[in-house]
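Two complexes are shown next, each including chain A; its partner changes from chain B in the first to chain C in the second.
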Partner chain A sequence: MAGRQGAQRPNGATQGKICQFKLVLLGESAVGKSSLVLRFVKGQFHEYQESTIGAAFLTQTVCLDDTTVKFEIWDTAGQERYHSLAPMYYRGAQAAIVVFDITNQDTFARAKGWVKELQRQASPNIVIALAGNKADLAQKRMVEYEEAQAYAEENSLLFIETSAKTAMNVNEIFLAIAKKLPKNEGGGPTQSRQSGVKLNNEQTQQSEGGCCK
Partner chain B sequence: MSRESTPSNLLRSSVDGYGFNKGENFDHESYDEFMSRYISVLARRASRWQALIGHKTRVSKSRKVKRYCRKGIPSEYRAMIWMSITGAEARIRANPNTYRNILLSQRDEHLSEPITMDLHRTFPDNIYFTGTEGFRKPLNNVLVALAHKNIERGYCQGMNFVAGMLLIVLKDEEKAFWLMDTLINGILPDFYAPDMRSVKAEQELLGEIIRWKAPELHAHLESIGVQWFLIGTKWFLCLFADVMPVETVLRIWDCLFYEGPKILLRVAATLILQNSSKLQACKNFSQAMDAFKEVTTSASCIDCHEFMKKCFDELGPFPSAKISKMREECLKKIY
Partner chain C sequence: MIVWLGFLWNLQEGKIEVPPEKFLSVQSVLRDILHNIGHVTARKVASFVGKIISLKPALGTVCQMMTRNLSVALCNRKGWDLNLDLPSVCRQELEFWLKSLHSLPNVTLTPISEIPEKIMFSDASSYAAAGFTLERNTKIVHYMWKDDEKNKSSTWRELKTICLVLKGLGSDLSGKLVKIYTDNQNVVRIACKGSMKMELHQLALEVLGFCVAHSIRLELAWIPRDLNAYADELSKIFDFDDWEVLYEKEGVYIHINVNSHTSDKDAHLPGKVYLIQKPEGTFIEWKAEEILQVDGNQDQDWAVIGSSLSVGYKPDKDSDALNMLTESRKKYNVSFDLMDLKSFKRNAPNHGWAYIIFILKDGTTYPALHFHNGGSKALLQQFGKYIHIKRSPNDSRLFIVQEHDPDMLSKSFDELHLFADSSSDLVSKFIKDPYTTTLGGFSKVTNFLRDTLLQQEVAIHRPKEELAAILNEEIPGMEISQQEPGYELVTKTKLPSRPEVERSAPLNNTEWTKHMDKEGRILNVDHLKEVIFRGGIDPGIRSEVWKFLLGYYDWQSTYKTRADIRKRKVDDYFRMKLQWKTISDAQERRFSLLRERKCLIEKDVTRTDRTHKFFEGECNPNLQVLNDVLMTYCMYNFDLGYVQGMSDLLSPILVVMENEVDSFWCFAGLMERVCNNFEMDQAGMKVQLAQLHKLMQFTDPELCGYLESHDSGNFYFCFRWLLIQFKREFSFQDVQRLWEVIWTDLPCKNFHLLICLAILDTEKTTLIENKFGFTEILKHINDMTGAIHLEETLRKAEGIFLQLKQSKKLPDALKEIVGVEVTPSSSTSSSNFVTPAGTPVNVEAVPKLEKLTLPKENGHSNASSGTGTAVTTPDDSSIEILVENGADSAVTNFFT
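Presenting the complex of A and B:
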């Protein structure tokens, strides 16, 4: 359970704002999306993590100074044909983690594709982080840190190398995203989630703590 | 949830009859309670089936067999009945070399690579799928052969769990291949198509069925942002394998193989409707998502006998013609 600082349940410990954000994980199959989420949410790692079918929904809360940030996480399936389902998950997301596997160049190419698609089709203010996962397998590295770093800079992405296996930088990437997300805007983060919601539901949404108060 | 070493705890095996590790969340209480009742049901069903089948090695379809399938096929007959009522058995006899030939022919890397990646990610908690012995290699063969036989469709994640379950029951990769091929090409809507249109439509259809059967619940769920495609992708792609308790999945498949895919909608609708007060009480989206996770694993899903009864008795009218028409409408809505 090492390295779980920052990922705490909101036991009323903070009296500050509560913000809720929708975050989506995208990336080729088997790069470790589910593993990153499992590490972040439960502090666990499974050598044999089941393939994700469709997508899985999880939540986790982190505390940032006086703000409690609740992530609603969509862990999507990576297989190419599931691509057509992806927009349903990233639509209205405030944050995305695009994951690749540092031991596999193809997954990096695929990650770039995802970034492009998000830049074109997701919410304009979406915070995108690029995760070079499986950093523990440095001896099999095929994607150089500098290469990914340069790409991330060009595209104004957060970039961190992670390891779901050793827990390296896993909480950090979520925290970095939490820091970058706007927490004071009147617009409120969750509004955009349900693009189809009728206006008269807006009120219940607000009183739910859907945005900062 | 006490975990003292009472005699009954000591007797509890950590692995179920199908090789699945029960895991820390396994509801032993409900399971033991259910099993003590279900054992006599199984015994009764077994003697009925025995009277029906005698020494035959195949059965033909009849009202009686249909009724029997709804009440559950005893495990000793399951493989034979599935193969026979689906016609998969006849297809093996008509194509005795097909499976072997496909496996001997040139492989397309593009098709087999994603399969390789899923081998150790299919039922990792099942003793037959850990290590290199057991069903991993047969699973690979079945999926590779299916992908090559149905090139257009290729391999779709989700098929791994269905094929894995078939291997557990049939214990024969050629049979698993033919049964799955029959399922994909003859029984199911085109769930595994690369465009995923059918599986999206099926979820819309589930939503429409809920709107029809429980309009208030439907309105409530939509008002908190639940969209149907978020609920059922895995339900339909895996035909509830790896979603519901194993025994229940097999009972669902007993009906699926005889009657076709309407049973999947019955199951999905029953899961939702039997939890309607819980779902209705959800105040926001993430509560609803958590509640949906629980609907497939609750104690009422463990009692497969009662659950299957419910699927048939408590949904009210569920006419095939209407469902098919609704499905057509839903398909039209998906680009």
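Presenting the complex of A and C:
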């Protein structure tokens, strides 16, 4: 049922490592950022998902072998006007999903812009995934798979076409990111305090020993 | 003990036992058969079966059941002295007897008079099995059939249910006399005697095997279906996989909007709450009641559809609407792991029913679950098995889940030897009542203390000397060292107590017309505004009055001039509409800015308030109006154009006006008030967030300090509130009420900021006691949609205003913000704010924290390294202020 695909809690939750990662969603307005998150976190889809004002924060946990990966997901407002707020969210993020709409070439161009900005200004080790969303509307496709794929390869990004509506590849993209994230001490992500956004106990603890507890 | 009829009658224990010699004789035949399997005559097998059957008085029906296959084989014999073909099922029976002969329970002499120790009821539906125990703490077993199981016969499912119920309760039943009621007579018979049908027989064996293994004496009995209603209902619960339901309660409602009236049926979603054991954890769930629909038979469609839908719909359309309704209800479904629960609020159910609001560790805040038929206490009692809950000392409705053993905390303090006796007394007093202990004003220290005291992780993980330094320095005299660089502290300000204010009825038509002279001029505008401020406007005259509030009509205008104005406005609107309407495709191709805006508006219009009746459904014509007004506004104010959030501001206006032109001009009037919110550099938003900060520093230094020390001094979590004037936080009705109150500009300038303070004041305990940080605060605030009491908030906000107004030491900066008169001699009164250097500062023009942001070298090394990277792009200067003010200055305060 809703909310249960892919995202499983660990049994007992004490075995294995627990990693916590900050992930940010970026991309042009109305490409489906919130819908991807909603699908991933709650297993729901709303045809007329309202626009995001400010930002939304959600969490979801996935299990990867013996590791429990907890995503702290920042869903941002897409419109250019709110661009200036984005650094607040991607700062300190260990992962980003840059989303575009495969039926709209402009959103792909904007996605490239976001990738560039992240490469320039986000944490150097940030894992970036490119999501070509609305794959269920393939008959209206304006961005060829190969084109996006080639771009992703050039920039060493994960690339997956997704559909929040049909749930296609939604869990997969988060899992792929989880796999790519460093889960050992030392190779860990930037310390969370650098995010300048969050500073609670969990993270205080973490900053002492990489990302894993 | 007597021997009678070939059995031992144990009168002491009331049992009939098999004499040992009988066991021996059975065993020897059995060994013989098993040893020579394949070469055993039918006669020999028959003799064995006969011996077993003869044990029935002592061992019960098992004798019949566990010889059933052998009997079948005997029936198929070719001759009594020919070798009998024994299929594997027969061999299983033989092996069963070899293994269990001695361990089978004996029939008791008084089975009827003995009272069963457990009584259970079971039932199976086509998709689930369920059973429950009849006792004080009813236990429920629930199981969803797998696809292949769904296709089995009903008897199979009923019998399987018995298995599941037994296994589900497992050790609870060990050694007991258990009575299970089922409404299937076959089941009673088969469970006792087995069945000729293989799969049924297997199940009967499963039941028997389980009972033997757990020394359970099972009695099955049939009851008529109508007496088994509860189990029947349980078995019809849909939606679970293979989970065990630990608790459930129907009649639990989510009120879509806290301010809705009980008469508004749509606003109360009925559902059920469950506590479910799943493989991955213990979950609390709430599910909206299914809106049932019978497929196939057209005639029946109407019979089962809820009465909430009008009958005028055509069936196909109706089922669409039904699907939509079901879908939209699903989004309220609640499901979370009990381990993620941070706290909950439960009202005292003295007034009607109880409700519970669950708040998770990540800040997720669910809508209140209203237990119309009771049951909240029983649910919470279940929690006790899994989590430790403590009532908040400051809010009797708030319960906090305890993460750790509280003894650990005091121990960690003991180990640190931080406190002399006197200060530890202070600390304990502080823990008991942090709000009224006189530390209130020294918010930062107190907040830090709170964290230290209440979060043992911090106490443990923070370097000892650091902790010691801070505590030793600040605790003894509780004096603030003003030389401390970076310390920005507010000395204790005592606000006058908050007056209670009353709200009243909305402005109605009678009163409205009374305020008009013969020619239609509005008389006594101030009084009218006062009435609107105090009670809003009756929806019947709302569209008319709004036109005045939003500057479409002048208060001094007459009927005549208004008609003229309106005519002109209509012309004006269509002239502007024509401007963008007549741009050709070719033109548009060379006009990227317009194209962009068009595209943006289109995207937002399709997703603005689509669940509201006014905008719902595909191709709803009102969407076009929404689109056209926004496009025309782009022509009206090309510099501003369209920014996300504007569609939210327009939509309630359109709903009220129901007219394109009027909506446009009212929207333009509203934009006049809030256009600063949409500036490219977010300057307008920044100013308001900073003002909010300043106000709270004065009105509630404790909460303010808490927010600062939890990375939220930037008040960014209020962004949505401010940007679209709380549009997303309230229902349409309420937002309309709220807006008209705000538009009166009473009782002061920037009243909306005081509304923010009022909401935050209500949430204060929740935020602080849950120890929420930046993300949790933001999430909690975002999740409060529909959960804010409007009238209460307005009363509180006005109360805060009166406190400010009556305060003798209100700093000039705040006077400026709320627009009360700045007294010329009051420059010294602003010395409530003390800078690090201890000099009074006039906080007027620049947000204060901005001034106080420290050079990074002074900051904590971890904290400072992050901020530097933020400000490299030219256009995100806003970030610098937002982040540095909030997050880092607060951090540096503690670590320098």
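In the analysis below, the second predicted complex is superposed on the first by the 181 of 213 C-alpha atoms of A that agree within 3 Å, B and C clash if a C-alpha of one lies under 4 Å from a C-alpha of the other, contacts with A are read in each partner's own complex, and residues count from 1 in each chain.
As a working rule, a residue touches a chain if its C-beta (ideal position, glycine included) is under 8 Å from a C-beta of that chain, and two chains touch if they have at least 3 such contacts.
In this text, all values refer to a predicted model and were calculated from it rather than measured experimentally.
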First (chain B), second (chain C), both or neither touched by A:44: second
Touching partner for A:81 - first (chain B), second (chain C), both, neither: both
Chain touching more of chain A, residue-wise (chain B, chain C): C
Touched partner set for A:158, first chain B, second chain C, both or neither: neither
Which of chain B and chain C A:137 touches, first, second, both or neither: neither
Touching partner for A:121 - first (chain B), second (chain C), both, neither: second
Partner chain(s) touched by A:64 [first = chain B, second = chain C, both, neither]: neither
Those residues of chain A which chain B touches in one complex and chain C touches in the other: 29-30, 46, 48-51, 53-55, 57, 59, 72, 77, 79, 81-82, 84-85, 88, 193-194, 196-198, 201, 204-205, 208
Of chain B, residues touching chain A in the complex: 114, 117-118, 120-124, 130, 154, 156-158, 160-161, 194-196, 200, 222-225, 227, 229-230, 233-234, 237-238, 242, 283-286, 289, 293
Chain B-touching residues of chain A, taken from the complex the two chains share: 29-30, 46, 48-55, 57, 59, 72, 77, 79, 81-82, 84-85, 88, 193-194, 196-198, 201, 204-205, 208, 210
Chain A partner contacts - residues on chain C that touch it in the complex: 239, 241, 279-281, 327, 330-331, 333, 335, 337, 339, 362-364, 455, 457-458, 461, 599-600, 603-604, 606-611, 643-645, 647-648, 678, 680-682, 710-711, 716, 719-720, 723-724, 728, 771, 773-776, 778-779, 782, 860, 862-863, 865-867, 869-870, 872-873, 875-879, 882-883, 887-888, 891
Residues of chain A that touch chain C when the two form their complex: 1-3, 8-11, 13, 29-30, 44, 46-51, 53-59, 72, 77-79, 81-88, 91-92, 106, 117, 121, 191, 193-201, 204-205, 207-208
